[in-house]
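Naming follows writing order (A, B, C, D, E and F), and every chain is counted from residue 1.
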Amino acid sequence: MATRKLLFVVRALPYKTEASRLGLTHAISSQSVEIYLKDGDLVEASIAFIGDGVMNCLKNQQAMKHYGLTSIEGHMKNTLLLDMKVMVCKEDLDKFGIKEDALLMDAEDIGGETNTQIVPYSEIQKEMESVDHLLFC
Amino acid sequence: MATRKLLFVVRALPYKTEASRLGLTHAISSQSVEIYLKDGDLVEASIAFIGDGVMNCLKNQQAMKHYGLTSIEGHMKNTLLLDMKVMVCKEDLDKFGIKEDALLMDAEDIGGETNTQIVPYSEIQKEMESVDHLLFC
Amino acid sequence: MGKLTIGCFSSLVGSLSLDFSVKLAEAAVKKGHTVDYWMSGNATMMSKKGQRAFKDYSALAKTVQELIATGKFQITACEACAEARGYHKEDTIEGARRFSMDWYLASAFDADRVLHIGGD
Amino acid sequence: MGKLTIGCFSSLVGSLSLDFSVKLAEAAVKKGHTVDYWMSGNATMMSKKGQRAFKDYSALAKTVQELIATGKFQITACEACAEARGYHKEDTIEGARRFSMDWYLASAFDADRVLHIGGD
Amino acid sequence: MKLGVIMSDYRTGEDVLKRLSAEKLGIIFVGNGVYHAATKEAGKTSSILEKTGNLYVLTEDLESRGFTSANLDSRVKAVTYSDVVDLIFNDYEKIVWL
Amino acid sequence: MKLGVIMSDYRTGEDVLKRLSAEKLGIIFVGNGVYHAATKEAGKTSSILEKTGNLYVLTEDLESRGFTSANLDSRVKAVTYSDVVDLIFNDYEKIVWL
């Protein structure tokens, strides 16, 4: 019985590449990983947005309307619905002048109970130290 | 009877993307474009390297040895062999401290008679103004 | 009405640069212009038949087919770029052609505007 | 000897990031390590059968086949990413498998090191 | 020359753009280029916005990223794909993608 | 933690790298990251080279781009793929690709 912790650190802007999208979908897939593992073994994924990556967290992304494409916001909602830990770097939000009300903070409308956490970089650093593997995207 | 002039402006570093490689191979293909055109019509391509793009012009690129991959230098040689105008921005070379002896300046070893031209940016600007279409890569 | 030649070189499936170029072509054709579209490098991915439409990916095949049907839109893939990626003639979406690179430069000859999406 | 899990996400055919990851896997296997290799996003291009080797493109298929033959290298493509690009089961290079994304995370479970090439 | 620049990125291309000179210069922000038009860093707007008076941003790309015209710098005009076609054919002779 | 960073680019990632902190930090320049180790701009070396004393560059990628070890900043050690494998397994616990 063991748990391995992975931290996906999203540093890329959304949409230009698939980096942030694939980071989120892979993090979400941690929920079904047990089929490959022994009973009681777990993989736990958390997500941190830093640098330009905080732009992924803006709400009201209209990618579906304009491009028929699931928005990154939609994936982020799913991570919250699944009670994954989602952190956004406070210093980077401040740098861009982004206020909390511009961010996707919860998935209440689809029944989620977990909230996005706006945290200082030092907490993300601590998370980096505590996990087993780091996956930057 | 008409001639259309295209200028390929290479601003990307080599290898990470195919941008500079494809810019050069497409420029070279101007040599066989007549099969699609009326007698006497021509497409003339020239090439300018600016910004980070000047890194494409370094000689002794060992991409074939290490990766089995034609070097950008090899493509540049072909453009000189075909007497295409190849310009490299002097200010950008100076910025990176790159001297002429580090650059692929000619294709003499394969019978080429045209040389790479190290020119101030203002000449590249003039070339931009004189051509019909600009293709940045 | 004019002619626009678009060369898309290295845009990714999954990025929106490829989407931009196709939507721009669509808007141009709607206004009565003609568009030549050249797929080179990784953009040849768009020429591959049988792409499954997921909501997580832009599905451009349908738009491309509709554009071809207008008669004002020609789309051609770089043959070598396609072969290098394992896309053979029989893998190509209907109505798209394959030529060598000089097709693109020939298209630029009588184009009023050329948009070369060369790097990203 | 250890286990290295490499996830390659969006590297381009034509860039050298994909080459880097394959050459690194090769070096690791030569030293007796085992490597799990996960292709996702555009990296699934490497799983496509029938890629023609040109000198202008890195031809990784041969190296991948040799690595598979060592028994110390497993390579798997993200099924959805492949389908979205029109690569079906029968298009996949020999010895490569296709799974959903959880395969990658399961591989990370008992990996000593994980190298996630997530963006470029 | 009349030069239209389609700016598709936020972190690259600025060095090249800054040196371009044209009798008439227009910049159309698309893709991740829209961040130049819709964000500030440490309170400062992108210096690209000072390059010319002809600044446009593609509404579809702005909205896809969670912005609205309320986020736009007042110097930038929101346009649609249809407008971009007109800009390309009517306002500029040469078009560059950065 | 002991953190190995594989730096693959020249124009992006620096902001992220600068903030990383680790008990032991190593940087391996590969791909277009090699320009950090082999070039100067306006006479200045890349500030990344001041981040740690453990600096490596992949010889294969250096040479593919037309450089030799003669171009290297003296603080950077040239390594092969085989060496990178050893660095990954022996010297660092977590590996990050930038």
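In this text, a contact is a pair of C-beta atoms (placed from the backbone, for glycine too) under 8 Å apart; a residue touches a chain by one contact, two chains touch by 3 or more.
All of these numbers come straight from a predicted model, not from anything done at the bench.
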**Prompt:** Hey, what chains does subunit B share as contacts with subunit C?
**Reply:** D, E
**Message:** When I count C-beta pairs in contact, which pair ends up with more: B-E or C-E?
**Reply:** C-E
**Message:** Need the most distant chain from subunit B, centre defined as the mean of C-alpha atoms.
**Reply:** A
**Fill in**
Looking at Cα centroids only, farthest away from subunit E lies chain D
**Request:** Compute the distance, rounded to whole Å, between the mean C-alpha positions of subunit A and subunit C.
**Result:** 34
**Centroid distance [mean C-alpha coordinates] between subunit F and subunit A, Å** = 28
**Item:** Centre-of-Cα separation between subunit F and subunit D, whole angstrom
**Value:** 23
**Prompt:** Of all the residues in subunit F, which ones touch at least 2 other chains?
**Reply:** 8-9, 11, 31, 60-61, 64, 94-95, 97
**Item:** Junction residues of subunit C, two or more chains touched
**Value:** 10, 12, 14-17, 41-42, 56-57, 113-114, 116, 118, 120
**Prompt:** Do you know which subunit A residues sit against two or more other chains?
**Reply:** 11, 15-18, 25, 67, 69, 133-134, 136
**Asked** Can you name every chain pair that touches?
**Response** A-C, A-D, A-E, A-F, B-C, B-D, B-E, B-F, C-D, C-E, D-F, E-F
**Request:** In the complex, go through subunit B and note every residue touching subunit F.
**Result:** 13-16, 52, 55, 58-63, 65-67, 69, 71, 73, 95-97, 102
**Asked** Can you list the subunit B residues touching subunit C in their complex?
**Response** 4, 6, 11-12, 17-20, 22-23, 25-26, 28-33, 35-37, 41, 43, 45, 133-137
**Asked** Along subunit E, where are the residues that touch subunit C in the complex?
**Response** 6, 8-9, 30-31, 58, 60-61, 64, 80-82, 84-86, 88-89, 93-95, 97
**Request:** Under the touch definition given earlier, write down the residues of subunit D that touch subunit C in their complex.
**Result:** 10, 12-14, 41-42, 45, 48-54, 56-57, 80, 83-88, 91
**Prompt:** Within the complex, which stretch of subunit B touches subunit E?
**Reply:** 9, 11, 50-51, 121, 125, 128-129, 132-134, 136
